[in-house]
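Here chain A shows up in two complexes: once beside chain B, once beside chain C.
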Partner chain A sequence: MRIAALVKVAMDPNLMKVEPSGEVSLRQTAMAIAEYDRNAVQAALDLRDKLGGQVAALSASTWGMSSERRKDYEAALREALAMGVDEAHMVLDDSLTGVPLDTARALAALARSLGGFDVYIASEGSSDMVSGQVAPMLAAILGLPAFTYVKRIEPEGGSLRLTRDLEDALETLRASPPLVMSVTGESSKPRLPTLMQIRRAFSKPLKFYSLADLGVSPSGRARRTALRALVQKRKNVYIDGSKPDEAASKLIAALAEEGVIRA
Partner chain B sequence: MIPWQLPLAAVPEIKYYLFVQGLYPLIIIESIAAAAICLYGFYRSFSRWLMGQPIPIPDHLGARLANVLRYSFAQVKVWRHRLPGVIHSLIFWGTTLLLIGTILDAIESEITLRLFHARFLIGPVYLWFKLAMNIGGLMLIAGILLAYYRRARRITPNLPMGPMEHYMLLSLLTIAITGFFLDSVNTYAYRMSYMFPYDVVGYSLASLYRDLGITVAQLVPAYRAVWLFHMTLAIMSIGFIPYTKFSHIFVHGGLNVLYYRLEPPSAFRPVEDLQGKVERGEVVGATTASELTWKERLDLDACVKCARCTNACPAFASGKPLSPMHLVQALREAVHAGPSSKLVSDGPLAPEAYWSCTTCGACVRECPAMIHHVELITDVRRGLVSTGGAVPEGLSQALYNVMRLGNPFGFDPDERTRWMERVSTDLGIPFAEPGEEYDYIYWVGCNTAYDPNLRPVAESLLRLLKRAGVKVALLREETCCGEPARRIGDEYLFFENARSVGEALSRYRFKSLLVSCPHGYNNFKHEMPLYGVRFDVVHHTQLLSRLVAEGRIEPADASGIRVTYHDPCYLARWNGILEEPRSLIRATGAELSEMARHGADSFCCGGGGAQFFFDIKIGERVSKIRASQASATGADTVVVACPFCNSMFRSEAQSFGLRVLDVAQLLEGGRGALDQAPRGT
Partner chain C sequence: MSRVVVAGRNPQDVSSAIGFAKMVADASGSSVVAVALSGGDELGRAVAGIASEAYAISGSGHAPELMLEALGRVAGPDLYAVVSPALKDLTDALARFSAGAGIPMLTEVTEFARGAGGEVTLRRAAMAGRAVAEYSVVPPFAATVAPGRFPAPQPSGTIEVRRLDVGARGPEVLGVEPKRREGVDISSADIVVGVGRGFRSKEDLSLAFRLAELLGAAVGCSRPIAADYGWLPEDRWIGISAKKIRPKLYVALGISGAPQHMAGAMDSKLIAAVNKDKNAPIFQYADYGVIGDLYQVVPALIRRLEELRR
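Then we have the complex of A and B:
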């Protein structure tokens, strides 16, 4: 089975750096595999272990800076290779700016140029932009069915039994590849790669492509105009805790005053 | 007749074989068989240890033989516990006396007498010889009886008492008792006139035969039977040595002491050809019996199940699934089962057993057989990490954080920089610049640099140094020192990290690296040098006690206050730094109440060995046990010298009403520091 894991090299929201102007500093913010995309990779690896075949990581840049941060893109994809992915391919192009449709078109072109896959596994959404649109759009472009929020994947003969997590209900479907799915963060417990695994994965293929290489261009239907950090103002109210009874009533009063609770 | 006037002719020519004619050839055959059985046993042991590798020739023979004197003959580690020390010495020296006597006797009758018709055990020498043999026999019997008493009364917890232990004690006891009987018959027959009081036991028994009117002739059949039994038992016990716990005489007393590491035990053994192993995709560490080193396999066979490790182990005491003795025994079984047997399975070899270790080294300090449990555990952890085995999630995350962010907690490295910049401005401590020369570069360490509760320790220390006029600088490039990675078992991450730390530090000129974390201290002092990264390093308690002694720091007053001091494992036990922190506490005038387990016998706070980064939710918290021990001293303030210990105590402080302070804070603030640290924070 040929399996594609869609991996986004995302800005790490925990390490976000902000310019004095309030603009997110893309140059200084650390990048990493989007958190749930590790689940997509893990799901692909688990499926490969059950059915045999190969897993390719497919990626498309969304933050530009293709030359100055190429190393960071590379490092993130090496982590996917270290986790056990067989090869990695990335569309790295400054004209890709994170518009989901453009990302999906680039990934579709990349997949086609590699001969197509039986199963495409994405995550439910990237940790930096969380649009959740790329997987369904990719399915639409490739003319494949899309299954979102998959929590469990079980091979059954030639098809797959998929369990979708609908928050208050679980839906079970039987689907035959080729197909596209997105998995939830609870779908697996991905193993973090060690430095040694990364070192050992250096011999695995890692290839970069431009949009021109793949013969596609951005749709031009949307573009990002600003990315500003949300500043949460805190009131920093301290309540002396040396006398617990007093502290508790003061805390209740303060919270009531803020309208957080009704006293 | 006075014994030393005995003429040579007064002692019969042939001494012993009068009653046992015809049995002697049997003994020769038994001896040859026993020798063959013994040699085969040791051949098997050696093949198991070496697994095809050549036996290494020991270097530094002088130092190694000194170890043999110290540990095998003086048995200083056995003597760490009084009663077992007495028992073991009675049995060991009793048996040794008897063995030497028997050998002398054999030399006389088989060599000097047969070949030269000459004797040396004559006259007064013979009498003293007899006395020595009597003492040896009595020591042996007393030792065995005490051993049974100790085991029957369960004086030492967790001490196994199985068929093997009974065999060891009963075989020796039987040999000693039958030996006395044989001796008494000989004395009765030939030596009654001159043997009192030298052959005290033999003579007393012989007198008994005389009083009861038993004749020598009546005793002869019993003598023949007992002689055969005594000889067979003695000879076969020697033959079976490699298959019984008696093997410890050679495996532990001989080999394991001879090959005992000459480096400090906390210079945990590095992985040989690490880079090559990484390149070739080989296992780093050990997952199977054959991947252990030969010395580790030897270690396993040296164990005598004395339970000292287990009784000292904080993980065991807190109900974690780790008992060092049972782990060693189970590993030994694995090695005996063959080279490909797995080191991680279930029971005592469950992954949780390996992950429960705090690497505090109490087992290593206790072990009289010189086993290095922590290295065994570390090697198996390395195996688990390098093969993607059962590594707890929290530890994988810590490794990933060290690799990506330079600290095990996952904090943004900017937080460390921002705090350092603030300290630099507020306290006037510069960042190290190339070209400038400093007395010390202060390597703050991740715990202290990120934890708002611990940052005041560093600030106290820096203020003290500033006042003392010490030229100290902070390091902009400070990152993880790599210690957590090594404890978890990611040797490659440790290696790469050590290389970059080495590179960063080599840009600056300084006399010593100053650390306030004993884990960093051990790492810089003993572990990084294993991979060629060497810097002189000093712990803040060492530097501060020097500055106080030189009068460059005026200790603040804490008189009238009772404190207890918790020795960090990596400072006290692994590195022997016991006095400096105590001298600082005394210098403040505070009254120091010691916990029952203190100094090099300290009890871990529960934070070492990467336990800080995850929770094994089994049993009690080690930190809770230690906090209750601290509380039992009656002092309400625990003085610490390690950020890990500091945090662990803080987490328990509330329920025990304890205040937690670093030595530096006490030294700077005295009583005031205590007031600023309310109980339970």
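Then we have the complex of A and C:
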């Protein structure tokens, strides 16, 4: 079985850096595989272990900086390779600005150029933007069925039994490849790579592509024009909790002073 | 006349996004078209006087595929926008529709403005609520909005609800298991006490419930507590893919402050946190941060409040 794990190289919101202009710094903010994309990778590996075959990581840049930050993009993809993915392919192009439609089109073109896959696994959303649309968009572009928010994947003969985790119910469906799915953070337990796996990752294939290489261009229908950091209005008052009763009195007094509790 | 289609699983969904649909329609001189998977007459009562057309989908199968087919039928050549509340089946259907039609989509849009050249500016939260992303978009476009974020106009008069037969659609559904609910609404509480992985067992959550009782607060939780351990039902889960809260005070106990959690708590007016790890991201977001063991600090808070309430 040919399996594709869709991996976003995302910016870490907890390590956000801001330019003097007030824009989020695309040059300095730390990047890594988006949190739940590790679940997508693990789900792909688990499926490969059960059914045999190969897993390719597919990625498309959304933050530009293709030359300045090429090393960071590469490091993130090496992490997917270290987790056990067999090969990695990334569309790295500054004309991709994180418009999900364009991201999905780039990924579809990349997948086609590699001959297509039986199962595509993305996560339910990325940690930096949480748009949550790339998997169903990819399905529509490739003309495949989509199964979103999948929590459980159970192979059953030639088909898959998938459980979707919705707001008010769990829904179980029968699905036959080829298909696209997005998985939730509970779908798998991502395993940390061993030192041996990390070393081996450096000899695995990792290829970069431009949109021109794939013969596609952005739709031109939308572009990201700004990413402004919000000024933190939080007071960041620290209270030493090593003397619990003192700390409790201080906190309660402060909250009463703010008028949010009665004391 | 161009059209703004508002989609929902039921009339309540449609109502929760029709405020945004109407705003976009008014700004662009479009009419509002409502489409729902269920609720014939009730849909009519919900959208009368706001929408100029209403469709109740009739068909059998799976919600996203039924909605996808219906959107294709009602969009028409003069589509200006497709909108829905940010719910899973609807986000799924809108994304597939958009990609198929080649139109851009943004989820959980918070602001809309029409530009001079016919393009529109859409904004949404990014970076776990620490930034705002702005996009310039050429209509038609698709968007989801947080349910109820844009107030709906009052319906008036009547409207004929037409049946839209889309036949059988989607994969074979093997089963549907409703989720356990307690019916608590943490999203409207004035004070919320949040519990995270700092708690070592389900029994220990009684500490948080006692504190909440003294504060008149509702108890919410982070992802692991609801989704991984199942210690609390999912209607108490605060986060980007769960409930969003906007209390006067959020007290985060043993919560590390993962971006997905904070995005659901960002609108809290004041945030207090108790965590023993002084490097936990939660302290970046906190107005008052107690660096200490919740197993000592929370009992002390309870003692102090009991004293004051006596």
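Things to note:
Going forward, the second predicted complex is superposed on the first by the 229 of 263 C-alpha atoms of A that agree within 3 Å, B and C clash if a C-alpha of one lies under 4 Å from a C-alpha of the other, contacts with A are read in each partner's own complex, and residues count from 1 in each chain.
Note that in this section a contact is a pair of C-beta atoms (placed from the backbone, for glycine too) under 8 Å apart; a residue touches a chain by one contact, two chains touch by 3 or more.
All of these numbers come straight from a predicted model, not from anything done at the bench.
Of the two partner chains placed around the shared chain by superposition, neither chain B nor chain C is touched by A:215. Touch criterion met: A:192 reaches chain B, while chain C stays clear of it. In the overlay built on the shared chain, the residue A:157 is in contact with neither chain B nor chain C.
When the two complexes are overlaid on their common chain A, residue A:115 makes contact with neither chain B nor chain C. Between chain B and chain C, C touches the greater number of residues of chain A. In the superposition on chain A, contact is made by A:14 with both chain B and chain C. According to the touch criterion, the shared surface of chain A, contacted by chain B in one complex and chain C in the other, consists of residues 14, 242.
Contact residues of chain A toward chain B in the complex are 14-15, 17, 30, 32, 189, 191-197, 199-200, 242.
Of all residues in chain A, only 11-14, 16, 24, 35, 98-101, 104-105, 124-125, 127-133, 135-141, 145-149, 161, 164, 166-175, 184-186, 219-230, 232, 234-242, 244-245, 247-249, 251-252, 254-255, 258, 260-261, 263 touch chain C in the complex they form. Residues of chain C touching chain A in their complex: 62, 64, 87-89, 91-100, 102-108, 121, 126-138, 141, 171-179, 181, 191, 215, 223, 227-228, 240-241, 248-249, 257-260, 262-263, 269-272, 274, 276, 281, 283-293, 296-297, 299-301, 303-305, 308.
Chain B contributes residues 278, 281, 284, 385-386, 388, 393, 396-397, 399-400, 403-405, 410, 412, 414, 490, 492-493, 496, 678 to its touches with chain A in the complex.
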